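Inspection log for the structure reproduced underneath, given as structure tokens.
Chains here go by letter, A, B, C, D, E, F, G and H, matching the order in which they are written, and residues are numbered from 1 within each.
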Amino acid sequence: MKKLSLRTRVLTGAVAVAALGAGTFGAMSANASTPAAAPAAAVKADAANDNLQQTTHLTVAAATKAARATLDAAKKENQRVSVAVVDRNGNTVVTLRGDGAGPQSYDAAQKKAFTAVSWNAPTSELAKRLANAPTLKDIPGTLFLAGGAPVQVSGAPIAGIGVAGAPSGDLDEKFAQAGVASLAR
Amino acid sequence: MKKLSLRTRVLTGAVAVAALGAGTFGAMSANASTPAAAPAAAVKADAANDNLQQTTHLTVAAATKAARATLDAAKKENQRVSVAVVDRNGNTVVTLRGDGAGPQSYDAAQKKAFTAVSWNAPTSELAKRLANAPTLKDIPGTLFLAGGAPVQVSGAPIAGIGVAGAPSGDLDEKFAQAGVASLAR
Amino acid sequence: MKKLSLRTRVLTGAVAVAALGAGTFGAMSANASTPAAAPAAAVKADAANDNLQQTTHLTVAAATKAARATLDAAKKENQRVSVAVVDRNGNTVVTLRGDGAGPQSYDAAQKKAFTAVSWNAPTSELAKRLANAPTLKDIPGTLFLAGGAPVQVSGAPIAGIGVAGAPSGDLDEKFAQAGVASLAR
Amino acid sequence: MKKLSLRTRVLTGAVAVAALGAGTFGAMSANASTPAAAPAAAVKADAANDNLQQTTHLTVAAATKAARATLDAAKKENQRVSVAVVDRNGNTVVTLRGDGAGPQSYDAAQKKAFTAVSWNAPTSELAKRLANAPTLKDIPGTLFLAGGAPVQVSGAPIAGIGVAGAPSGDLDEKFAQAGVASLAR
Amino acid sequence: MKKLSLRTRVLTGAVAVAALGAGTFGAMSANASTPAAAPAAAVKADAANDNLQQTTHLTVAAATKAARATLDAAKKENQRVSVAVVDRNGNTVVTLRGDGAGPQSYDAAQKKAFTAVSWNAPTSELAKRLANAPTLKDIPGTLFLAGGAPVQVSGAPIAGIGVAGAPSGDLDEKFAQAGVASLAR
Amino acid sequence: MKKLSLRTRVLTGAVAVAALGAGTFGAMSANASTPAAAPAAAVKADAANDNLQQTTHLTVAAATKAARATLDAAKKENQRVSVAVVDRNGNTVVTLRGDGAGPQSYDAAQKKAFTAVSWNAPTSELAKRLANAPTLKDIPGTLFLAGGAPVQVSGAPIAGIGVAGAPSGDLDEKFAQAGVASLAR
Amino acid sequence: MKKLSLRTRVLTGAVAVAALGAGTFGAMSANASTPAAAPAAAVKADAANDNLQQTTHLTVAAATKAARATLDAAKKENQRVSVAVVDRNGNTVVTLRGDGAGPQSYDAAQKKAFTAVSWNAPTSELAKRLANAPTLKDIPGTLFLAGGAPVQVSGAPIAGIGVAGAPSGDLDEKFAQAGVASLAR
Amino acid sequence: MKKLSLRTRVLTGAVAVAALGAGTFGAMSANASTPAAAPAAAVKADAANDNLQQTTHLTVAAATKAARATLDAAKKENQRVSVAVVDRNGNTVVTLRGDGAGPQSYDAAQKKAFTAVSWNAPTSELAKRLANAPTLKDIPGTLFLAGGAPVQVSGAPIAGIGVAGAPSGDLDEKFAQAGVASLAR
């Protein structure tokens, strides 16, 4: 019965969600040499109706909170960046063009976010995979440059946060991770 | 009354969902002159975590079933069409370019599906809205031409099915509705 | 057996093809108010293998001949035009940018050819259909402006010829028809 | 001397800015039939260096505040919309895809914002101009549909706010105006 | 002999060019109801080599002079516009984004210039042709809105000048004509 | 003589075609270092009309069968992928976005399919060719990454199947080959 | 003095032009390590009017002749290719999609032609320049892959011919050169 | 020390600006291995209104002057190039397609200018950064090829000048620097 199964799912899911309330938001430190199968927690079959599935997304309020935390982290280090939050389907949810950020930063941030959520790993990790598969970077919408981090629920990607504009991609990614971390508060 | 019905729906959403197992898939016969607020059943807040929301989608198996039912309906009337199924975020899930369908049909089908899910109404109804708001059709990704139908759960759109290639948009839409109907079986 | 069925097809088809050798190339004078189902002769199932179908195309030599005949017809009337030949899948086979033709003519010719083969009718006829279905013209790749003509085999479209650059679309279409006619010689 | 001239400008400008602190943010009620020359207060020559000019922009913090106020206004009326803030050069500064907003709303919001800042008027007013100049809407990047409002300083446009997703453009524009109004607080 | 024929051409051409030195630069006041065949003076066959033809273009110095004259004319009337000069092949030669011009003006100016050179008439005239051929405006690259003017040599188009950003297209076109006129000086 | 040579080819080809009914569907193990001329069986001249040629395509039913077989193969290994089937002209016939597949997989699958049919080889083989011709990958529409496989009739490509979303391209290609194999059943 | 130097160039050029009647059409064997300044014979100032310059182009008849010669050369070696001829401004003049050529060949041919005319050298030579300037290949419109050849008059590029579809770029370029050679006949 | 110098700059920014009247226009010789935080002088908060900031731009007159100086410098060395000036937001302000410049030069010049202003360094320097971050060049709008130079005020980028078409990027950049230098006169 639909109603029951749904309740069951919510209850069961709530455990994981509660857990994630305690810190499971964060970028997986992906093992580039042995990529595991992508976790599936964020996509669930609907037991009562074979035709349907549920997917998990950030609310726009949460995505905005993360994006602002990202800019705040950059501001503390006197860096000018742009930030984007992309959902698990690759659709952009929030963009903020930071004051004084270079014009290239706006698109770059979106592509980093897209890349992080696509492979469920920080783009600094993903960039290393190009050593073995250099044409990965030719996939449309991607940018294999540090600065993107996935947002995860129970290990599955539900969003990506991308940052661009700082002097190095590592700095960009530090700010993106600050955005991810803000979601656990 | 809209307000009441919405309240009712939220409280007893599970009931409605159960009902849909019994046949609520289908295209809303939208009242173009008094468009109501879009129903929200397909997007739910996650009670355990303010940061999250759930969205409902067709499985690819269901979307493929609907697309094939669409082509079968067209074949019975000796029409050559293409069909597309687009999810509630506008992302294409399934496309089938029918044998002998005109080259214009492939893109047109996608745009009709996108339009139907965007406004939660058949595109034959939406086309009538242009009388009052002719520039609606300038929104990127849309095609205000009969042949698209929304897939609904509890009145909320979760997908759109678009068809193109038959000699008239009404025929196209008849086939799209056959695709929608196949999901209730 | 594959071999036999192929022979059968060729023999059967040859009747139609022979007919077309006697003049069936030409643009259908479409009846815009009662569009019939698109003829299917140019797409055939393969009796020996359910997985396969055959489609008919102009050779590049034939398409070039038609395109040159088109430019010759324009030159006789001192008009500067561009011409395009598009196959039944909408792929451009030949383009010729005529000497002194306006810069808009090159893309316009391709779109007219695409439109003519998509609906199997001259674009002068198709433009009239906008009275009943004005948003047809919003389908990507199309241009509902006189100057395009379909190339037909047994009534089915196998290519489109589009012309642009003359002072009127009717002149453009006259030249396109000259291109079509050249294929019957 | 640069410093002095700048101070002079700031002081002079401060009057206008102070005024605008008291409510001059808002969409000009443009007189569509007699469009005046675009005000220039937001672009100033630099008296000390003929090569330079200054332009005025919203900070990303202000733009985010306005975008959130827009979504809040929509939420109060139970509408699901997306919002975009575009600067006076047409570059997008902030986008927020609202929970449950239709997929068409994201691009539409940006185009409405772009249109409002381009002509320094609400898009509901601009849409009326199409009666006299119907091809205005063919300019790339624009959407002549209610839902966009300019942000002004001393009457000059410094940004545009665009909203899409509500059942009518007038509702969209009401929310956009709420976003504009939030900047005066 | 190549050399002789070239000389001949130059001498013959020089008459026309000399004439145009005396004022033939300017936008043809096209008769929209009876468009003549496009003049061909700007494209010449090369008598000595059937394979070659010559086309006439503005130098970049001339195009820049015209563009600056256009902006100067606008400045005199306190209007903020952008201007583009496009050659007879539709390639942009010069663009100037005027101080304080709206963001929509840059692309619009190019499209107006492209349209004017394509049909060898001011876009104010061309816009009237839409009454008889409304889908002309669907040709890629065009904008049928006042503000574009052709540059002619012996009646043939060699460039287009497009202006956008003023409150009306007629004003835009007045400035474009000022740019054309500057070439005769 | 043209006709004779054609006959010879058809006769020879018929043997192969008969064979293929028994399982010759499959990806050619291309020899990357000595690429042979592309086989031509899938394009045939029409003996009765020099203007025409026939091309062989999968039916949409066959393409859908192959795409579903591909997803089934991935599901058995708990992988989430998208799949595309592209015809010999590069036009997409079927796309299926698998449940839970990353957003990058949809476009990547199409490009892999396009690449496989373009060079009539698995993309894992084609990727190796980049060692000698690194700019091959700059050709529009291509992706030189394992995961694509051609569908062949008598050694000639009639379609391509592309898969993306698994942790490695080799896995993707295994699933694509399962799709190819399904056509021989 | 400007006028004199121009005259000198014209006179000098004329000799070369005469020579080219005797066979100077052909691809320059560019010295990649010491690229000389691009020859300018194909662009001439107009002595009678400082505002004007003349550029030299192939007629469409010549370009078609070259394209057909290219396809004929390929056919002799049983290769299936597409060919494009692009003028000195980068505008495509002729395209022919060869029978049975891979779908990637059409765009690739245009890009090779564009590249050859842009740098006035065969693309096989240009590809070698990437060793020193690897990002040259990121310039829009280019493809640094053998198969393109410039058409020259007096050493200056007036067109490019691009070929794609053969198993190697060297073969493609051989056919392109056959097209160039046909212009000298 | 960065922090101090920044403080100093803010306090005495006017001095630096005054100094720039005396020649501080010029391209920073960026230290690619230790990129500093981007200077912020060109973006200022508005002390009277927290919502606003000021950005500094070249006037179109200044940008045109620089572009013409660039072409003049190229002409002196008999090189044919195109030039573009892009503002700090990445929007193109001026383009000049030089007489006889290759068709690839127009887009390349814009991308070089965009790249130079984005990272506030000459593109010859930026190209070296690819050694450590090779995917930087995949950011949309960029071209990491010598020929671009930033225009700076007090060390902050306010524009970029890009040049393309000369036989080497170093030559292109020399001309771009001549354009920058013209602004100090």
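The criterion applied here is as follows: a contact is a pair of C-beta atoms (placed from the backbone, for glycine too) under 8 Å apart; a residue touches a chain by one contact, two chains touch by 3 or more.
Keep in mind that what you see is a predicted model, and the values were worked out from it rather than measured.
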Interface numbering overlap (same over half, different under half) for chain C and chain E: different
Separation of chain G from chain H, taking each centre as the mean of its C-alpha atoms, in whole Å: 33
Separation of mean Cα positions, chain H and chain F [Å, integer]: 47
Multi-chain contact sites of chain C, meaning residues that touch two or more partners: 53, 59, 89-91, 99, 103
All touching chain pairs, where touch follows the definition stated at the start: A-B, A-D, A-F, A-H, B-C, B-D, B-F, C-E, C-F, C-G, D-E, D-H, E-G, E-H, F-G, G-H
Complex interface listing, chain A residues touching chain D: 59-60, 63-64, 68, 71, 91-99, 103, 106
Chain E-touching residues of chain G, taken from the complex the two chains share: 10, 14-15, 17-18, 20-21, 45-59, 61-62, 65, 87, 89-91, 153, 158, 183
Complex contacts: residues of chain A adjacent to chain F: 35-38, 40, 42-43, 53, 88-91, 114-115, 117-120, 133, 135-136, 138-142
Chain D residues within the chain B interface of the complex: 78-80, 99-100, 102-105, 107-108, 111, 127, 130, 137, 143-145, 164-169
